[in-house]
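Below you'll find the structures, each written out as structure tokens.
Two complexes follow with chain A in common, the first pairing it with chain B and the second with chain C.
Then we have the complex of A and B:
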């Protein structure tokens, strides 16, 4: 007979010695859901009493969503161009108009000396300078190679790589046309040469818009930020303001405290998730090709792990200043930098790639992209999903272990 | 006055440096962050994983494959023999590109027709995909030139040379277009901004939250002394962090520093006016450290994202571009990159210095005005 519920007989020989039924063993040894509820309620009140922090917990994700949806893009077009045409003939002017007519370049102005070019590039008024030599027309007409100089501001290598690529493709098509024209004139026939016709077909993000690439990953970053900003201070705050002593004097167990602390922030996290998906769908037209249910299931797993990690940091730090810095270094920065959110993991050197395997945001970013852009099912992401689950369970277990209900 | 300020400073330094975790955070974490940034933040696209679907299997198609492989941009990791396989590889992100040549590819080339080559790209990462397209265009253009030269030689009376344009490109400031040189100097700005603003705002609020503010209020210390006592330690920490990161950047990563280091510290001093001013301002509007941290990040995120650190300001919509003029981080970044990569001095950078100074003054003025030494 279980002493606590009276009436439920204990059949199993294993339980006979304990004098309690499984439910009450769970309650005694692991956690009592009533106490979890009490802590959660206290934490909820705490959140509601501080409307600004709550408001920011909602407003911050929105701010990030709008920044990434509206303002931030890696797509390079209309590169400011400065031209020094030393030749000034129909041939050179045609080349200039091919540059300025392309949608990739915007003619900043014409220059007639190096000083102007240097100043324009130094001030970033122009990112690329095209210098056409004075014998350009002569060389081109006679079928020789005319050296055209392209000076670039290499300080932003990503933009410079794009600009150079565009410049090369403009000059390639110009060269091709010139060549054919000359050959036609010399031979009097329409010469035909075999040539490659490269037909790119882009899958998944057909228009190659960086927003579609960044947005799904942003959801992972937002969850990590919420976890870092909100939960990392909760336990440290109790220690610092002295209310932890009151909690210690209650029969509350570590597991109950931690779970109770996580629940309210979990609600905020899910609210942020819903808002993010809605904003992506209705404001920025981010295509969601995959299953919404899968998206939510994966987010729940990830969010649980992220929040537990925040609580763990709070337990270790015991001091809000330290906790905030640890949270920054252990959660936010890795989520931004090592998750493949902006900077592709493939480009990193091997040791750093090794580190990314313990950055859980990495798996979640990939899962989100797979769901959003590729319509991938659970089968393709099973490995990542499994790792997320293991991490979340581990984060909870470690925080419970690390929590000491003692005053030092 | 100096007596009171000194005791306040002593108290602050003890408080900041007492906790071994805090010492670790202030001095080791910036170095750690620089290392992570230096290795992780990289937009150079190389060794793109590529699969080849060669249905023609001729000398020409193998030649083209070899050219892709030799370019250094593409790593051929798989050969596939069906569209399904190709699709599966891209689905599983095993390859980013599939190069597909159909039957009749070589025949078309030899007959002087256009020979289609299909390039299947995973466009998920639009940036990488765009650069990959550039590379492919380059390789195919070189290939075309050679064919044209060969075939023109065979037709009577045609010059066997290729004219046109030869684009001679030179990148200034960062000759090999290494992204590391672009990002690492900017890390200085971000770390100094986060550390000084977050720590200063939380340090003041901490006194309110745990109740020691009352003890300070009853002392004869003046408002100005209190503010100085709270900010001077972080000014020092900011300078030490700048020095530490600069050392790591130049000696570990070999980022060139072409301009004046004195100018770098001068700009840092002006920038700290803004970041500590923001920190102080946040401390006046927050009651708990939680609020202070949240509010600080409410400034930090937009400031970092709209600074031109990773996302070029020129690409932003016009109204947002105007907004960035209010962002002190923007000017500080231009100065730092100018000093590190371009080696330019005051002649070019004076507008940024001026803007930093004016912004710093305004922010500090507002913060100090709002600050009350009362409860």
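Then we have the complex of A and C:
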């Protein structure tokens, strides 16, 4: 008969032959929720009494959110432009006005020598310089090729590439208009061209605002950093202060300790998620197109894995400094660089792309974007969700296995 | 786990058989065999680094021995190390409660860990608070408690679940003498109730309070017995007490004599360790007389534990020195 409940009728039919009822076998072999509760309560007190961990748990995510929300944008517009118009004719002035009139360029000022241009680019007052030669109008009128020089600051290749592309499209449309004008003047008729007429229509992120695209990924990165950084200290701290020696001399099981330690940080993580969604909704106007419940369900899975990874790091390191360094390298950097949050995975070299498959933030970034921008359902993200779930379960299992109630 | 219990009903609470722990080339605990009876206060005496803590950690199931075996409360320390943990209370050398938690919160936490039943929780908590004299500091964070209070609270948390065996690793280091005295009253009280107490110390006066003592040095057990046995049987030399004028000057002259191991200032006089008191006493009287140092008493006495301890350690060093020379 089960020694724990001594024949309570509820379990009586289950007692025969097993020696104990399943509930009590579970309690003895796997974990006891009372112990988990005791550990969780103690951890909560630690957090509430330590302004640093409270700050790191709540204030840091908010700081990151605002910092990135305001500062981080991949949109290249209003590129500062400096112009040296050596020609100064109606034709050249029209070209300049086409540049300064487009939303992509903002005229910084006119120059009349290369020294000014050089200084403006060096001081980053201008990123691009357009130099129109003195025979520009003559060449244009005579229907010959008119060279226009564009000087670019290539130190930021991303922006330079965009700026060059914009410059080319501005000059292309200008030459087409010139050709039309010449043709009209020569032939006297309105020319009909069978040219392509692309009418673009953008789905999902209709305004193509990069913030809408970055923000959901930012949530993933923040949750990863907070979860792993905070929990990576908890077990190591107890080894350092000596309290772990007392704990491992008690019947407390590894599973109970780990679960108890994860619970309070889980609550903080969910709190961060709620705050992030609210900040996105009310401050940055990031429309959440998909289901809030799906967003939460996916976050719970991801958070569990991230927290367990932090605990695992803490268990392996047994030292707070090593643990935080390890957490930085194992969670923060990959979440930032390899998750596709800023840098598109498709543009990475093949070996690096291979590595991204083990960066869980990658899947969560994708899931969050799908929910936020596309209102995607569970069916579309089932693959990513499954991988996240597997990772989370594995991280918990490995943590419990790696935790030794022994010194050394 | 009933099945693992030794059913012969022996009355050993703690038993070590050839227990050894090595860390790389260093042997921290070397082949120790000893038994501690139920309800006994067993003192483990030795200088710092002798292997006391390592032994206790192995007995608590938190350190795996390199070889040898042991049992605590009839559980094997290797196979059943987890079962041991419900039957013991362990107080490590360093204060190991949570400093940012209050007195009550620490007690509640360990109550939860030891699964103290709800109906006993309050009683045990009040017992610990009363025992530690912390009634007015229930809501004080333990970081602000003095050493004596901390140590009694740590003991209280370690024995909340009323374990039959408790291990105390230098429980009174850094605690004032009155708190130490109170602490030992507590230990006596527990032993009266049948609790086995295994305590390490390097205070000689505390060693006197123990029922039995084990002397450990460089990882090896060099003496085992009651304090009386150690004082009367284990020392090869004899101790002579000399009370005289200008003892520190007398000491220099006495140490030059043949057959004298060493002399040390002790209270107002000297303790002289000699191979043979029958030869040494007249020799000491003669040399001090020659120096015009007035002697008021010179006689053989029962050695203090400290004398025994020092003598045994020196004997052990003499024995091991040639060996070490050789192994180099």
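Here is the rule we go by: the second predicted complex is superposed on the first by the 395 of 408 C-alpha atoms of A that agree within 3 Å, B and C clash if a C-alpha of one lies under 4 Å from a C-alpha of the other, contacts with A are read in each partner's own complex, and residues count from 1 in each chain.
In this section, contacts are C-beta pairs under 8 Å (C-beta built on N, C-alpha and C of every residue); 3 or more make two chains touch, one makes a residue touch a chain.
Every value quoted in this text rests on a predicted model; they were computed, and no experiment measured them.
Engineer: Judging by the criteria at the top, classify the pair chain B and chain C on chain A as clash or fit.
Structural biologist: Verdict on chain A: chain B and chain C fit.
Engineer: Applying the touch criterion given at the start, work out whether A:50 contacts chain B, chain C, both or neither, answering first, second, both or neither.
Structural biologist: In the superposition, A:50 contacts both chain B and chain C.
Engineer: Tell me which partner A:203 touches in the superposition: chain B (first), chain C (second), both or neither.
Structural biologist: Touch status of A:203: first partner only.
Engineer: Tell me the angle subtended at the Cα centre of chain A by the Cα centres of chain B and chain C, rounded to the nearest 10 °.
Structural biologist: Nearest-10 rounding gives 100 degrees.
Engineer: Taking the superposition on A as described, I'd like to know which of chain B and chain C A:229 touches: first, second, both or neither.
Structural biologist: After superposition on chain A, A:229 lies in contact with chain B alone.
Engineer: For A:406 in the superposed arrangement: first (chain B), second (chain C), both or neither?
Structural biologist: In the superposition, A:406 touches chain C alone.
Engineer: Output check: A:337 vs chain B and chain C. Expected answer is one of first, second, both, neither. What do you get?
Structural biologist: Once the two structures are laid over each other on A, A:337 reaches chain B alone.
Engineer: Applying the document's definition of touch, where does A:397 land relative to chain B and chain C: first, second, both, or neither?
Structural biologist: After superposing on A, A:397 lies clear of both chain B and chain C.
Engineer: So, does A:250 touch the first partner chain B, the second partner chain C, both, or neither?
Structural biologist: second
Engineer: So which one touches more of the residues on chain A, chain B or chain C?
Structural biologist: It is B that touches the greater number of chain A residues.
Engineer: Upon superposition of the two complexes, what minimum C-alpha distance (Å) separates chain B from chain C?
Structural biologist: 11
Engineer: Indicate the residue numbers of chain A shared between its chain B interface and its chain C interface, in ascending order.
Structural biologist: Common to the two interfaces on chain A: residues 50, 241-242.
Engineer: Sort out for me which residues of chain A touch chain C in the complex.
Structural biologist: Going through chain A, the ones touching chain C are 32, 34-35, 37-39, 41-42, 45-46, 49-50, 241-243, 245-252, 405-408.
Engineer: Give the list of chain A residues in touch with chain B in this complex.
Structural biologist: By the definition above, chain A touches chain B via 50, 52-53, 56-57, 59-60, 63-64, 67-68, 70-78, 80, 95, 121-124, 127, 139-140, 142-162, 164-169, 171-172, 174-176, 178-179, 182-183, 186-187, 191-210, 212-213, 225, 229-230, 233, 237, 240-242, 317, 319-322, 324-326, 328-329, 333-334, 337-338, 342-344, 346-349, 351-352, 355, 366, 369, 373-374, 376, 380.
Engineer: Under the stated contact criterion, what part of chain B meets chain A in this complex?
Structural biologist: Listed in rising order, the residues are 19, 21-22, 25, 29, 32-33, 36-37, 39-47, 49, 64, 90-93, 108-131, 133-138, 140-141, 143-144, 147-148, 151-152, 155, 157-159, 161-179, 181-182, 194-195, 198-199, 202-203, 206, 209-210, 288-291, 293-295, 297-298, 301-302, 305-306, 310-312, 314-317, 320, 334, 337, 341-342, 344, 348.
Engineer: Going by the contact rule at the top, pick out the chain C residues touching chain A in the complex.
Structural biologist: 57, 60-64, 81-82, 85-86, 88, 90, 92, 94-101, 105, 108-115, 157-158
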